[in-house]
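My questions all concern the structure below.
Which chain is which? They are A, B, C and D, in the order written, and residues in each are numbered from 1.
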């Protein structure tokens, strides 16, 4: 297990945020967003974050790299409902030579909805691990999120 | 619009059936299966039907053909709920030189849940229309489902 | 079958449009948006359209009505890919005393991606058919989309 | 963070297994099952496991309890592809007075596909924490999976 971030429930600790409006299709019979949907929200925010960093996915792939998801973690704190507009905060939290970890915080107004982490391996088109690009490494200045375990 | 089938709500009119148990993730905040999920049920039944016809998808692709979805139609009659086990009846209902239409009927016990149609184009790996394979053509004996419009 | 609209591939024929950016999770192994996802795009656009009409879903429900999906139809013309931003055009196309039909057109740049129709029944919280509200009836001026069949 | 299990990649360490055939709709443009789909597989296996324990969900709810998802973790080891039939092994791994943790292991033939954990809170219909039922507590004999952190 590589998972090593403790994403804070403080919006100011993050580099970027992206709003997502909950679709009806994403709710379940408990009347709330199904728990699997949070990983899709993380992904949408991650893609927007890369675009914000001036490295949209098509450019990343044109550079010959892709990011395989190695691990994912979600801590559900309060439910989301249909038509809620949730802010997804995201930052690169830790990097190694071939992996990076992103931390997420979902906030609805002043309510903490969820936190989460995804761990990615940098791979080439053949799926082989390759060195993390410098632009991604440079984003990951120490945020003091680690050391939990 | 190629859609030209009127799938009956009579199980005996179909060649094949496939049971699907409703996942919780497939329900929505109305407490029922979200309407988009029916197309996924059709697809699962279609794949099982091809396997039953001794032409599973990997074999079909090895023959150099794929089936692009051109049109889809669903008539929702009664809702489905979590953990329901619905029988999905399916048959090839009409073919042309390069397309085929499949009809579907979902039944829960004695209750008619839905009917539907998907229209598929036979294409090669480059996405170009190609002639329907003979085995598929031979399945599509006239079922008297057409002529509605 | 109530389905009776032929939505045009002309953006100017629609009252409203709503942009949607394709999520990676919505693609499939053919590298394109899975066909079931279009119904979810229709729904997101429909919800935005109701908001635009000053009748967001929570207000509609507070008025004691809901819209059950009775039928859905999609005509797939060209594929969508990850990160595409597609415009979803939508309009009420036909109403009866208790049902309404909405037409949809998806366009990517100048490319026609898909058209579709959803048929809705107006119901009360107990699921019984009720009369369509006046505000919705008034939106459905004749668009000349019907009569196809 | 309550997450405290290290589910082994050994099928014999689990109480129960449940086969799932991958749907085409669950794949993504990388040609593999999208990472969010694993949480849905866990859920389907969890529901089957409760049924196997003679406490299917409707019976559990009739007893006035529900299980809220508090945390979820997935470790992705090898990809899954369309039409693969994966075995999902599952067991209750740890309980407290009001929570339980389930461990999962996905295996395809002899290949380890993924491991994962979900943490659940036992709640009443009003969403208030309630004591774990005895039948669930009794299932959770020590499996020696904990203590990782």
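The definition used in the following text is that a residue touches a chain if its C-beta (ideal position, glycine included) is under 8 Å from a C-beta of that chain, and two chains touch if they have at least 3 such contacts.
Quick caveat, the model's predicted, so the values are computed rather than measured.
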Angle, in degrees to the nearest 5, of the Cα rotation that carries chain B onto chain D
180
Between A-C and B-C, which chain pair is linked by the larger number of C-beta contacts?
B-C
Copy pair chain A, chain D: interface residue numbering same or different (half cut):
same
Using C-alpha centroids, which chain lies at the maximum separation from chain B?
A
Counting only Cα atoms for the centres, state how far chain A is from chain C in Å.
31
Gap in Å, rounded to a whole number, between the CA centres of chain C and chain B:
23
Chain D: positions in contact with at least two other chains:
24-25, 36, 39-40, 43, 82
Interface with chain C, chain D side, in the complex: residues 24-25, 27-29, 31-32, 34, 36, 81-82
Where on chain A is chain D touching in the complex?
1, 3, 6, 30, 35-37, 39-40, 43, 66, 68-76, 148-149
Complex interface listing, chain D residues touching chain B
23-25, 39-40, 43-44, 47, 56-58, 82-83
